[in-house]
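Before anything else, here is the set of structures, which you'll find just below.
Consider the two complexes below, in which subunit A is the common component and subunit B and subunit C are the respective partners.
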Partner chain A sequence: MTHNATLPPPGPQAGQDAAQQLTERWRDGRPGPLPRLMPAHEPADLRAHLERFGAPPYRGAPRRLIGDVEAAGLTGRGGAAFPTYRKLAAMTAGHGPAPVVVGNGAEGEPASHKDKTLLWFSPHLVLDGLQLAAEAVGSVTVGLYVHRDPRLYGWLEAAIGERATAGLDAARVELIEAPPRFLAGEKSALASKASGGTALPRFKPSRASQRGVSGRRTLVQNVETLAHLALIARHGAAWFRSAGTQDEPGSMLATLHQADGRTGVVETTLGTPIAGLLRLPARAVLVGGYHGAWLPAEQAGRLPLANAALRPLGAVVGAGVLAALPADRCGLAETARVASYLALESAGQCGPCFNGLPRMAGALEELAGPRPDPRVSADLERWSGLVDGRGACHHPDGTVRFVRSALRVFADEMDHHARGSCTGTSGRPFLPLPGQTPLDDADWR
Partner chain B sequence: MTAITPSTALWYASRATGVVSLLLLSLVVMLGILVNRQGRLPGLPSFAVTGLHRSLSLLSVLFIAVHVATAVIDPFVSIGLAAVVIPFVSAYQPFWLGLGAVALDLIIALILTSLARAHLSRRVWRSVHWLAYAAWPVALVHGLGISGDLRGGGLLTLAIGCALAVGAAGLWRLAGAAGELPRAERAAAALDGIRRHARPTMRGGPGGTGQPARPAEARRATRPTPGDGGAR
Partner chain C sequence: MRKQLRVNPINCAGHGLCAELLPELITLDEWGYPIVSGEPVPPGLERHARRAVTDCPALALALSDVPR
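This part shows the complex of A and B:
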């Protein structure tokens, strides 16, 4: 089952019968197999949501839900895979005013569509999760941070309004607009934006958890994490663990970019073989998006989608982006395109980032061309070491991971380029990038 | 008369450490500006410039401490403990000594916030650190006013040399601030500069990046840019 990533939801298509069956299975309300998070066919309005799930199961007091979340082993689905219960528990410790809770739906990664798709198909599951998380940490200040997309924004406003009318929500949810930048969804950028400032990553140690929105403790959870939390509250930890692996339980949303150009969002279990999600063979596989890593297609085809298997190879599940590079494209050219995009998305705050990433992007452009200077790849390695870990946020680190993996995986292609030839026969870009990059400080607002 | 005797040793020590402190503080300010402009010293990586700035500032604290302590202990003039940190309350040279107290207070604030930097927000640390630009001239004027030492001979040359060097560094800092690009344009300017020196690529054909150097060039067509300031 694949969700078309473009809004509005997909119309009639091949395989509609199967999709219809899935929709019915989703509707019948039993906690069954996948899909857990989204109806297969059409977005769930409040009526459809209540039919399947009923009202959010409030626990009546703070902290009570946290044990269930811990037993379930839920981790953040925004990319970092941090244990959710620890973030919740950290909010209930300490003094001061009640914490702020913000659902993070600002999916700046151009190759990822899963958060937008989830918010479109199952907004109420996310909103349930927000309310339940707020109750768990004793918060009444709740926000939802999403990109400016008039359709999605209007749909979420309507959903919040419907819930208010039905009296479902303990706290009023405020929608916060994220600027269209790659880093706008970074936790400290979110906290800054929600406090009325610019959506720029902040320097540690003003960690968002301790000093977030308006200086208050702030719980930031990815919207998919919140949807899982809403299901754990209903069906329990054992149910959640009935999918996935022992160490990485549950299901997750993944955005797939097939080599034939088709794109979609699927719900899958952690530990699913990558070969079962992407149609291989391909020239190479990108795992984890633009802060992730390239893997040789054969190697990726033998691996499960799980951090335990991917981390030793320098890759991560991240926010679940998987892309199969078609055989007729040049991996170096694709990496160079994305690297210059990432360089331009630097917030311009940290020297190693706003000087180093453009240098690396320029070097990759040279590598993508014929007969590059033989010293360029050594330069790239050296600069990677100088940039890694030197930013306020993880933008330099993630970009370095991506670039380094290209140097490993496309080593053969580099030999071809050194001789002045290229094995890519199509110059058409493959990996998605936004049409234009804003270059004004005001664009961070 | 000018011989160092036990009774004048403290007085000489205070004046000597004062002169050394001026030299050290001048170096610290210049290194701080170099750190700010992300400059390099020959043979040193840029983080070593930061390290040198830090080490020399701690060393100058040591000299200032001896300078202040010997001046207080010395019986030749009586300087109360309060006058060390409270400006303009001293019986001896209230104005010139007061300037010294002001400089000392500012330096204490700089050192304490830097030692506690891991626990402070960057904004707090930065705004306190701006005080360095006030502390240095106040300290210099304190030295010029309170004793004749700096007003002639080799020490006058030293004082003028320090003032010229720090002044030049300050102007360089201002020029850098004026040429500084808005944050959002820095990476684009850097990429621009690199691409201008790049050799032609297979762009457009197989293996090309498929997308020309779009962003910054498109921007240049619509808006004049202040050159290469971000691509240092």
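This part shows the complex of A and C:
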């Protein structure tokens, strides 16, 4: 069992104070206080959910919700930030059998807890969103894809059962188990698993040719995206836009890793200053998780959490992971640990990825040690170029983004290592990794 | 319609035949996997490109329309 201890303890979450302060600060002149998605500190059963939000506002026919989602400007919260309405609209075009709709709660990223936390505290908001999205695209085949975690799985089964008893929805949601792998939530891996196969990424020759579940058109939306959709259906686009920026509206969940070791999930708005979420100074800041990028802490401290500001610097908001590396840790050692993990999490299907990632991880381990072979940096740069963009999925690209950012941000540290010293004084691992990485092919089922 | 070469990286097993048949557009990386030019295939090389596609033992190479 590699996914133990991923559920947050019930009760106030660490880091909630930061979000609370932001909420207070922004209340003047900025309507729509947070949190929106998880308003209580207790997990909400159906009764609590209906008392708070009321029944899901079904529109009675397909397509009707899509205009609201477009006006709201909702984008995918799984990391890619793709406009949600375009995915919905694409499902209603064309002929053939009705599409399949799957909520993606497979959060394979070890540093991210926001989807599990959302499913734990507000399962019915996600299920509302799933059902409303299904109605919008005319689907009655609906699934929810989550990692094997007995506690969460049982809780979701109970939630689905409660809705069936209440006769709330047109479709019954089928739970689909995701294997405990980093890439299990990749869209084509999800479609493969939901079709009865292994959760391995597939080759997508072009966007238009993407095959879904059992060859049917398939809408895959991150569970947080669905929860926002459920609120947009209730409160409308203007309400949704009352938080966030003009270009990146709404709120989002973020997983924070503070330098003092505290971890928590907070709901914040797009455009919030990173310095308002992480307690700085720090050695460096990791933005966007293990497919994201390191930034110098001083630079990150001046930036908002928004793609418009981060993309020019080679970083992305991604699924909202922010980590402040403590001052006593070595950034090269942390990067090497994570790169080894990412190499083991390659599906091993594409030559450049399964040849390149282990070599890159080995080179980083060398660079993290004293007096590395001077040729290693050039090897690492060459291998990064060779794997970038050459996989069936984005695992090699994301890994390269992460590694290259480390070479930029920890350039001074590399000079120290070249002279045989390291400025890190603690060897204690900081960034979270699963206890053990499965190495068996059966683990992709 | 101009065509371009695409590799299916999952099917590709690094046989390397394509690079022998079409060195103008395909080179091999240090592990033997093809690096394929994403440029449209020049008219003079289309016949060779088709040959590389049909001769790939893993059926991993394809000619597809250049997206507009």
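By definition in this document, the second predicted complex is superposed on the first by the 408 of 445 C-alpha atoms of A that agree within 3 Å, B and C clash if a C-alpha of one lies under 4 Å from a C-alpha of the other, contacts with A are read in each partner's own complex, and residues count from 1 in each chain.
Please note the rule applied: contacts are C-beta pairs under 8 Å (C-beta built on N, C-alpha and C of every residue); 3 or more make two chains touch, one makes a residue touch a chain.
What you see is a predicted model; the values in this text were computed from it and never measured.
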| item | value |
| --- | --- |
| Simultaneous placement of subunit C and subunit B on subunit A, clash or fit | clash |
| Touched partner set for A:Ala418, first subunit B, second subunit C, both or neither | neither |
| First, second, both or neither for A:Leu303, with subunit B first and subunit C second | neither |
| First, second, both or neither for A:Ala336, with subunit B first and subunit C second | first |
| Touched partner set for A:Val376, first subunit B, second subunit C, both or neither | neither |
| Greater subunit A contact set [subunit C / subunit B] | B |
| Touching partner for A:Ala170 - first (subunit B), second (subunit C), both, neither | neither |
| Partner chain(s) touched by A:Gly391 [first = subunit B, second = subunit C, both, neither] | second |
| Touching partner for A:Asn355 - first (subunit B), second (subunit C), both, neither | both |
| Identified clashing stretch of subunit B versus subunit C [43-51, 61-69 or 151-159] | 43-51 |
| Interface residues of subunit A shared between complexes with subunit B and subunit C | 202-203, 205-206, 349, 351, 353, 355 |
| Residue ranges of subunit B touching subunit A (in the complex, touch as defined) | 38, 118-119, 121-122, 181-188, 190-191, 194-195, 198-211, 214-216, 218-219, 230-232 |
| Subunit A contact footprint on subunit C (complex, rising order) | 6, 8-14, 29-33, 35, 62, 64, 67 |
| Touching residues (chain side subunit A, partner subunit C) in the complex | 202-203, 205-206, 349-353, 355-356, 386, 390-392 |
| Of all residues in subunit A, those that touch subunit B in their complex | 200, 202-203, 205-206, 211, 330, 332-333, 336-337, 340, 343-349, 351, 353-355, 357-359, 361-362, 365-366, 368-370, 417, 422, 424-429, 433, 436-441, 443-444 |
